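Scrolling down, you'll hit the structures one after another.
Consider the two complexes below, in which chain A is the common component and chain B and chain C are the respective partners.
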Partner chain A sequence: MLWEENMVSSVTRLAAGLAAIAGVASLSAVEPVLAQSSVKIGYALSRTGPNAGGAAVTTLPNYEMWVKEVNAAGGLKLGDKRVPIEVVQYDDRSSAEEAAKALDRLITQDKVDFILPPWGTGLNLAVGPILNKAGYPHLASTAVTDRAPELAKRWPNSFWLLGTSAGASNTLVELLVKLRGEGKIGDTVAMVSVADGFGIDLSAAARPALAKANFKLAYDKTYPVGTQDLSPMVNEAKALNPDVFIAFSYPPDTLGLTEQARIAGFNPKIFYTGVGTAFPLYKSKFGANTEGVMGIGGWSGDSAAIKDYLARHKAASANGAEPDRWASAVTYASLQMLQQAIERVGKIDREAVIKDLQTGTFDTVIGKVKLENNLPTKHWWVGQWQGGEFYGVGPASNEGARAPVVPKPAWKAP
Partner chain B sequence: MTNAIFTGLMLGGMYALIAMGLTLQYGVARIMNLSYGEFLVAASFASYWLFTGWALNPLLGLAIVVPIGFGVSIILYRVLLTPLVRRAPTRDALEVDSLLATFGMMFIVQGIMLTMFGGAYFSYSFLSIPVTVFGETLALNRLIAFGLAVVFGLALYLALTRTRFGTAIRAVAVDPTAARLVAIDVTSVSAFAFALGGAMVAAAGVLVSMFLTFSASSGVIFTMKALMVVVMGGVGNLLGCLVAGLALGLSESLVATFVDPGLTLAVNFALFLGVLLVKPAGLFGRAQR
Partner chain C sequence: MSPTQIAALAAGGAGLVVLALLPFYIDAYYLSLSISLLQFTVLATAWGLFSGPTRYVSLATTAFFGVGAYTVAVLGELLAWPLVLLIATAIGALMALIVGISTLRLSGLHFVIFTFGLAELVRQLVIWYEVNKTRVLGRYVFVDITQSDIYWQLLALAVAVFVIGWLIARSRLGFALRIIGEDETVAKHCGINVTLAKVTLFTISAVFITLVGAIMAPRWTYIEPSIAFNPTISFQVVIMALLGGAHRLWGPAVGSIPLTLLFEFLSTRFPATSTLIIGIVFLLIVYALPSGVVGLWERVSRRKPEPPVAPQVQA
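Take a look at the complex of A and B:
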């Protein structure tokens, strides 16, 4: 895929070069005004390194699918004609320095018209100042940070579409409070979190929220990234017999914790795991055992737009890969927003596009989006696997929210 | 308590399993293989592919992947590493040269896996069935991996200590110059040891893939863990490998159960440092003269 695009772009570049030579040779240049022949879009993604796993599921397939779809329709509509997208891409090797270098190169050397953001909170924070300085719109769709409102203010070109960690934790606790009020769960909570950005932020936000709601936090431990055996924690948690198990975990741990809980027969009324719960891999690995598992993310699985998106994603990606049920749809929606803003402006005018993103209303796969202070007004924070689909269940006020299935049914033998 | 010990033993067995191949490659052939973890992950991918594409039981898959691991390693040693071995004036120089060569190889293997499978996480379910041992619930796939680690470790240990060829391998590990004097073909023995290490890493990759989530980029974690176990146990010593692996696994699970899961890494490294301070050549290593 990488080469195909590079080849296409080098072929078009060659063609453009030949055309230019031909133009110079036939000195009788009738039309001196060079019409824009392509819109150059650049991105640096983590193709290698620790971020590659996330980028390969959530970001790259959406970028590729969007470019393919736009070009199949003839390109982006600038004024009254369509201009195809040309892609320039690099590997940031999951490193902030490499990402910064790649973006500098995209801006100064490749002179791209627009830049799509990298995957993950860390890298989005790292490239924020560069995109701000160069005046490119920055649609961060895979970053969860409590500083989102502050950053959106400091860098008016940046849009933080995935929300804040406080939002994630508070929504979860609100849901727990509601379920306790309905008499479906008790007071005891066991929580584990990975000792890295995501786990630290979310557990730090969850602790006071749980305390304020008078939940009893019976077990609260962190574990290092890359822990290969999580069974001691699962066994400890099981011994305390909590009503709710919360894990702010990374994908390998999410899979490991679920597997271990199933083996140990640890089946609390609410079983919640972190990043990775919404991955198609989770479904393919655990099958019927996903039923009732809650996790971060979710989407309106009943909406026609999402169903259509799921089908297109499966058709577009190699071996029919499905999107994840959290940031994938948001990422695709961010591309739709960018496209609609560009087409409304009608020319490559980054300042006007940023302005349109700040003020316009957009029709996307996740519904109508209108940003306030560069942030969306609603997010899906808690999802639950129900009948093989990961539906959004929290916040309950979101359109298309399903009622959570509590208590979680017992684990089945695989 | 029993649960923590069982978990620790199984984790330790996995660490020992991961490290056994490296101790052969590093201890005997003196190749500091930095692409070790990548080969392990490659074997995991092979197992995944056989399991999901051909519905082949990973334990049967061992019969395919392990010989391939052996074959690939012997070709690698003959083609890529033999020139380095010939050129190196001393064994220390060979260590440095092989370090650089295998560092490059790491990127090649990783690149091949990335183009074949992409960067996403992979995982499959095989025998993740609870079994009860002495009243404790354990995962069958981890238990099998542990059992096979013990079997492989014992078989290798017996082969190295009880057979003539095994003695030759150990002789090369101890002193290649003297080994040559008693008519041991050092180059062939080194190649064989390197390939045996390759077979071991393939076995480890297959077994580990039954219960761990992996991606094309996760090799470095395994290289690091293996290196730690090998250095701690004494380079080239299988028994040391087993003891060091078990010590790390046990300390990790005991600390996670009774103190705090957040301190497992710290305890691992404290143990590692402690051993090196008392015995700089590792638990079973012989001091350099």
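Take a look at the complex of A and C:
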């Protein structure tokens, strides 16, 4: 390795710096001169930094599995021949600036044919203008933003598949209204939320929705990211004896709150936690105690397509890892949509592919998808663990929605 | 002015014109890379303005950078761009004054730790305010500023930081600071108002860093505290300035350019292990080059009879 052998001499380090310039410059000299012998697909994901965990569970396994599957079938079907996918990938180090630079590099240096988006709301927004300017389709499947409709208008090449935080909160409140109407719950709600993007947006949308539906918000507390001791909040909420407990939480607190509620014997009729409830980790940690727990996300666990996807995901991951029950399937579906759009167009014509994504109907693991104004019309917002699977229960009008189990069964000793 | 000075000035002017015309001739990626280079050059030079002569190691770069970015996130869509930059300048200066007056009496090590904590403190304050007052976290920056505009603003800022740095070095303030850096007690006995000198320079340096944050913000569309107050920026800037040599005005730039290119090269070629390699490079710089490339160059050129180390042939 050039770097390690000569590190000691500072003069050579300067030379190494120059070599780096030459290395970067030489990238531009590598031009694809051959006819379309491969479809170049590029992505920059957070392999390091705070976003690495999310990207490693939800995004990377799906990208890798999709590429493997497409190439095993001979490649993408362009006209009457199959062309294999070639991947160019970078680490954005969880930084918006690095993500922007990596995408500029993919577009102008590597000249990739298509780009798969980064993980998370912030990075998807950071790369939005770049993909828009260069005319690449942008299928954001891990971004939850209330500005999704506005962004889709601003950048017609962008598709916001995971929905808005208002959608998440409103669906939850609709479900509560329905259950109250059936006499299954009363109207006292305790809510806690993490003081970060997700918790703030969702609680901000839930407060007016709950008030409008005449729920009594008996407890409303925000806690900082990384709070270790969650027992005071759980005990305070328990003392108020609410019918519904809502936590707009992040994975560590989702696990912590569930554990504390179990220890304190706090068993409201509805127990809802945030990001992480849909993770396979949640099931492996709480086992039978997951029964009846509600959370954000969910999928049509009874559908053959989802069952098949789950099996393939387990087989494709090195350690048999399961996908999460929320954005994973949406991410995989976004790749199927891209593939179907490319194959329908039959050539590398990004403008036509964008057009097809805007207007076409797609057959995916999450069912038939037809976008309206670049947004899906259906999302799973409320899921519930039932018999070891996290089924979508809200909106109730979704195909494959299960009836919620209310009241939640009592916690068992682990 | 002597003929050599005129020639140097003319060369500098010509170089500047070339740099200013660059966005018309390069593609989006090289523009991106040039923006990175300019960003770190201004940050490292501004850092060196204060930390070079005083030898106080500041890890507050990201605090000021983030404040600049956040100013744009809050006001970017409401006010005209020059006004936003002006307000960012004022906020950066005010914060530097408060921080400077309250902490620059601390000795070296305490100052390092304080500045490291400052970034986290400001980040938590922003979060607290957004959570409890505005109830939004994550702001959108939709302003009509192209990548070329960002480049030109950074270029102008780079010129400004060098001109001001040059002027300071030739002023009474610069002289006072060099004495403070050598021995603060001696400086006090010479009748130098040590605190005033340090706070003034700290504020000038912080204003430049704040402005870089403000100018860069429109590049990301979306700002939240974890994006704006990214602690790695503080460390990168320190290491760049150390590689170049912080005791000369142009030293940090000598470090920022090769290191930015090196980081870029590593994340292109070794995406999975680049962070590890960067860590090793950091260690090597601190151990092998305590006074930077500039310091080494000065040592080598002073030792005339001994020929400089011959560069090894690359494998």
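Here are some notes:
Just so it is clear, the second predicted complex is superposed on the first by the 380 of 414 C-alpha atoms of A that agree within 3 Å, B and C clash if a C-alpha of one lies under 4 Å from a C-alpha of the other, contacts with A are read in each partner's own complex, and residues count from 1 in each chain.
FYI, contacts are C-beta pairs under 8 Å (C-beta built on N, C-alpha and C of every residue); 3 or more make two chains touch, one makes a residue touch a chain.
Since this is a predicted model, take the numbers as computed values, not measurements.
Of the two partner chains placed by superposition, A:Q36 touches none, neither chain B nor chain C. Within the superposed three-chain model, A:R147 lies in touch with chain C and out of touch with chain B [touch as defined at top].
When both complexes are overlaid on chain A, the residue A:S303 reaches neither chain B nor chain C.
In the superposition on chain A, contact is made by A:Q228 with chain B only, not with chain C. Once the two complexes are overlaid on the shared chain, A:N267 sits clear of chain B and of chain C alike. Of the two partner chains, neither chain B nor chain C is touched by A:Q358.
When the two complexes are overlaid on their common chain A, residue A:A126 makes contact with chain C while staying clear of chain B.
Contact with chain B, but none with chain C, is seen for A:P252 once the two complexes are overlaid on the shared chain.
Residue by residue along chain A, chain B and chain C are tallied for touches, and C comes out ahead.
Chain A uses residues 47-48, 50, 195, 222, 224 to touch chain B in one structure and chain C in the other.
Residues of chain A that touch chain C in their complex: 2-21, 23-24, 27, 47-48, 50, 89-91, 93, 95-98, 100-102, 104-105, 107-109, 121-122, 125-126, 128-130, 133-134, 147, 154, 195-197, 200-201, 204, 222, 224.
Residues 3-4, 7, 10-11, 14, 110, 114, 118-125, 128-130, 137-139, 211-218, 221, 249, 252-253, 256-257, 260-262, 264-265 of chain B touch chain A in their complex. Across the complex, chain A meets chain B through its residues 46-50, 52-53, 55-57, 94, 192, 195, 221-224, 226-229, 231-233, 235-236, 251-252, 255-256, 259-260, 262-265, 276, 279, 281, 285-286, 318, 321, 413-414. Every residue of chain C that touches chain A in the complex is listed here, in rising order: 27-33, 36, 124, 127-128, 130-132, 135-138, 140, 142, 216, 219-222, 224, 226-227, 230, 232, 257-259, 261-262, 264-265, 267-269, 271-272, 274-275, 277, 280-281, 284, 288-289, 293, 296, 308-309, 311-312, 314-315.
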